[in-house]
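Below: a set of structures, written as structure tokens.
Heads up, the next two complexes both have subunit A, just with different partners, subunit B and then subunit C.
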Partner chain A sequence: MATFDFLEIRHLHIDYDNLDQELLNEVIREEPSFQWCISCGCCTATCSAGNHTTFNIRRISLILRRGEVEGLEEELKKCMLCGKCTLVCPRDIQLRNVVMNIKKIILKKKTA
Partner chain B sequence: MIRDPNFQYPFLIGTIFLFAYLTIRVILWYIKLSKYDKLRFIHFWKTKSVWAAIRDSVADGLLHLSIFKKNPLLGYMHMSLAFGWFLLIVMGHLEVIADRHSLNFPFYYAVFYRYYQPHPDFAGAKVFGAVMDFLLLIILSGVALAIIKRIRKQIFGMKRTTRLKTFDKIALSSLWLIFPLRLLAESLSAAYYHNGSFMSNTLGEWFIQNVRVSAIYDLSWWLYSCSLGFFFIALPFSRYMHIPTEIVFIFLRHAGIMPKKYWNSYAQIQMYSCSRCGICLDACQLYEAGVSNVQSVYFLQFIRNNENVDKSLFGCIICGRCQEACPVHINLNDLRTALRIKASKPLTFSYEYTQKALQQKAGIIYFAGCMTHLTPQIKFSMRRIFDFLGEDVWFMDEDKSICCGAPLMLAGQYDSASQLIQKNTELIMASGAKTLILSCPICYKAFREDYVLPGISIKFHAVYLNEMIRQGRLPKINLGFKTIYHDPCALGRGSKIYDQPRYVIDSYSQRIRLKKEKAEALCCGAGLGAINLPIEAKNKVTFEAMSYFARFKPNALITACPLCKKTFARDRRIPVLDIAELTARAIDEYVNEQKKTVRETRLIES
Partner chain C sequence: MKKIVIIGGGIAGLEVSRLLLQEGFPVTLIEKSSHLGGNIRNYAYLFPDFTPSEEILKNYTSLPGNADLQLLLNTEIEKIDFSSRPYTLFSNDGIAISADPIIIATGYQIFDARLKEEFGYGIYDGVITSVEMEKMIREQHIVTPYGKAPRRIAFIHCVGSRDAKVGNTYCSRLCCITAIKQAIETKKLLPQAEIFCFYIDLRMYGLTFEELYLNAQKEYNIQFVRGRLSETSEMIDKRLIIKAEDTLIGRPLKMMTDMLVLMVGMEASNFSKQFAYHNGLEIGEHGFFKPLNQFNARGKSQKEGIYFAGTSIGPMSVAETIEHAQATALSTISYLKGKEN
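For the complex of A and B:
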């Protein structure tokens, strides 16, 4: 097989054999509605924090699914928990609870 | 004649234990109060509020008047047990004093008087006997009602009763047994000595004909004493702890001690004051929606038993309907918030990025809040109103909105909420404004309770509109539709603003009066208090509330909360308008009419 250059850039790969979905599964266990997400981006469009900065709740949902846990905590600090995302979500996902749970689980892992 | 002087020991042990326990408890509670609360409490005894506290203790602790208002039969049940027993104790002691002409007798003597005094022959003995029998009869009717209530609660106007714990069951059964056993013991006494009255003598005669009285006479007094002893020992660990605690709570409340954001001994006293009567269960809309573990009675019970409270604590909308219904007047919303703050680990939030927001000088500030930005019609309407009034208003969060902090506070994140509060406070204070107008009741409640804004009057938009109409600066005009006003939880029960929005709506439309309004208003179901409540339950609450409104066939549902509007608008049965939108429509109508009259007068003139 020919060697492709893009395969050389390791940090851009999503390795589905070693996908760390522990956090995702735990969040889904606490808030099952999270699995209905279609990544439509309504939450991001309405976000109060997203209006001030690059905070992007859709992206958080995506990178969580990809198992990229690093940087998640820092990013989620910006959320004001106002709950607009929950109200606009066409799939009725309780995003406030999702954010709270991601933060709680990360904190639990850090202290454990 | 005293045949077995030992049977009083169970009662004695129970009473001494209870007295010792309560003394230590009350001292501990007092010590744990904050310094200022202690000062308030000491000062309180010099004020007239003491009388109010005594009046409330009698009205709520003994007579249970607030339960009477809910359902007379339920009120009678509670009153017969509490006030009846109280009178029985008082009269019992008076009877002994009348008999012996002295105060020098052991305190248990009055409790077992019929045993120790087989031949009461003092003046008025017959009257006392009749009164004691009558009081016992009243209490027994209360016990009978309590048993019936466990089986058929509907006749008491209740849909549900609470689930009981082991200690509650012990205490409940001993309480229910005390009075039949007293009747049994006194009747057997009456069988021997005929020292009773209409009830005990009649029963005694029946006993002497049908039962071998001598075999069970001592046993009956033993059982009576044991039931009292068991009840007193189980009391501190059961729901009956509310009996002594409620009195302490009433006095502290009248002393002006307020609930705090942190869990303190006042909160603990309130927790113990819950009698688990179950009246909050019927008030809770979530019960209808199939959620049966978040109700106040259960969450207080879980905390007392140190059980896992996460689901029941964070699954509540904090609409406050239970707080309004509570006959003990416990500050359930504040308790829940304080407990959420206590139960949550601080999750770090950081809002450094918000510093870029603009600062501006203004006389009046309008703060829309996140939810108003979600329902833009409200902010456009507000702008229309300000334009019409010719007010120079700084729209503080027009493009970069900072949350007021209430959602974080409700999620138990006190420190993070304080960050946002500080940001907003800085912006507002720098502007030099005198008035702050809000169109979201959640923000309004937060600004009023959690912010310190000296020299600034915080006004809800409905209150502001009401003022403007009364001053004649806004027109009164009938738009010709039938409306229903929905009290938002944070505005009505939360901030006690009921009449001003109604006045505004009455100025523009024909308002239908509802049964469930003001303090009993329904919740829309989307309140920010609910953190881990399943969406199905929320939607069910919304649907039920909307179904209630739809029965009155209004042309529009008027609310004063963007969150309620957003939630109700999903159900398309009734168009939903905010009070600002209604006002803006009225202004448009008024302006159009003015133009028309101007045009007509010109036509006539030409």
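For the complex of A and C:
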């Protein structure tokens, strides 16, 4: 099986007119703070998974906000749900809850 | 004749006093500490052109000798009785002062960096605040806690500002340009040192601020990293290790540094908050006094005859503070002449 990295660039351009926003909208509905990010990077700097793998929670969130979902489920398996990202976030984004919700919504879609 | 009382002897209170005296109105100036000047005394040089702060204070040196000025030092106002006009002020030592109008120029305090425990202030010696850095710049002697000239210095923007975790969600505005000012001054004193600024957004809001930013890159080789400090740790030799994300690259960053300067933001002074609480003056959501509106009544309060000057209503530079004080002085004069209430 080919390894698939969510953070790898798969589309040359961000196509704003053809975004897949279904998952994004559902995440925002469940956890509205997801929209408040200013990309300061504190979450990634402190991330337990990010210090040992290429996991980058800030970029994952940003790419999802740009409507890209391919490979997202696999990427989120790297998260240990330790919650340090939530502790350091200056915008009080409930990032752990965001991750939990993405996982939940993907699972719900699969089993629907 | 109405008795004008100005609370706070920083540059806002001093500028209001100076103008009212100049226009022939006697004033009473109340200052809680033993000297005039306030927070500006923490800064040796001012952005954007490195003007010595003494030059600003020089405008007020003749004030204490003015016969129309009643100066009350070491006097803290604890309560105002608004029930009858003129209002009555009560000081900590029990003096009652009748006053109308009252100009509140109680200023700001710097954010207590110890509240950001993960940044290491008060824990590691190499972590200092921008106010402590300014002191080193004034003395032209920048040293690490182990007495050596630092080879690498990191300035951290937005400490205690734009941070919901400490309750200050607003931008303090002045720290970005102050960091660049101090970075340049540091580089002048230590040409061999590597200097980094860690920022989230660089807010160069003044006309000539962007030039200073460009100059910092061009002439002084200051490095700008877009990422907010996540945590600090200390090595056995007292050097520091800082962690952030280099967000423009998208990878976590680790850096060893000899010194860490936290650009502490401005917040409403505890005095202002308590003062408002005990005296029924309205404060805004960020803890500063709330003016009547944000456009043409920034120096007026909700109460007749009560005015604000300077940083008691929010973060302001020295220039903005003086301008705001001038506007408030004009409102006060109009009020005294019965043209405005």
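Methods note: the second predicted complex is superposed on the first by the 102 of 112 C-alpha atoms of A that agree within 3 Å, B and C clash if a C-alpha of one lies under 4 Å from a C-alpha of the other, contacts with A are read in each partner's own complex, and residues count from 1 in each chain.
One rule holds for everything that comes next: contacts are C-beta pairs under 8 Å (C-beta built on N, C-alpha and C of every residue); 3 or more make two chains touch, one makes a residue touch a chain.
Fair warning: this is a prediction, and the values are worked out from it, not measured in the lab.
By the touch criterion defined above, A:Thr46 lies against subunit B and subunit C together after alignment on the C-alpha atoms of chain A. Of the two partner chains placed around the shared chain by superposition, subunit C is the only one that A:Asn56 touches, whereas subunit B remains out of contact.
When the two complexes are overlaid on their common chain A, residue A:Ile38 makes contact with subunit C while staying clear of subunit B. By the document's definition of touching, of the two partners only subunit B reaches A:Asn97; subunit C does not. Judged by the number of subunit A residues each one touches, B leads among subunit B and subunit C.
By the touch criterion stated above, A:Leu19 is placed in contact with neither subunit B nor subunit C. In the superposed model, A:Val88 lies in contact with both subunit B and subunit C. Overlap of the subunit B and subunit C interfaces on subunit A comprises residues 46, 51, 88, 92.
Remark: subunit B residues 345, 347-351, 353-354, 356, 370-371, 373-374, 399-403, 407-408, 411, 413, 416, 420, 526, 528, 531-535, 539, 563, 566-567 touch subunit A in the complex. Residue ranges on subunit A touching subunit C, taken from their complex, read 7, 38-47, 50-51, 56, 58-59, 88-92.
Those residues of subunit A that touch subunit B in the shared complex are 30-31, 33, 46, 48-49, 51-53, 77-84, 87-88, 92-94, 96-97, 100, 103-104, 107. Subunit C contributes residues 118, 158, 162-165, 200-201, 226-231, 243-247, 250-253 to its touches with subunit A in the complex.
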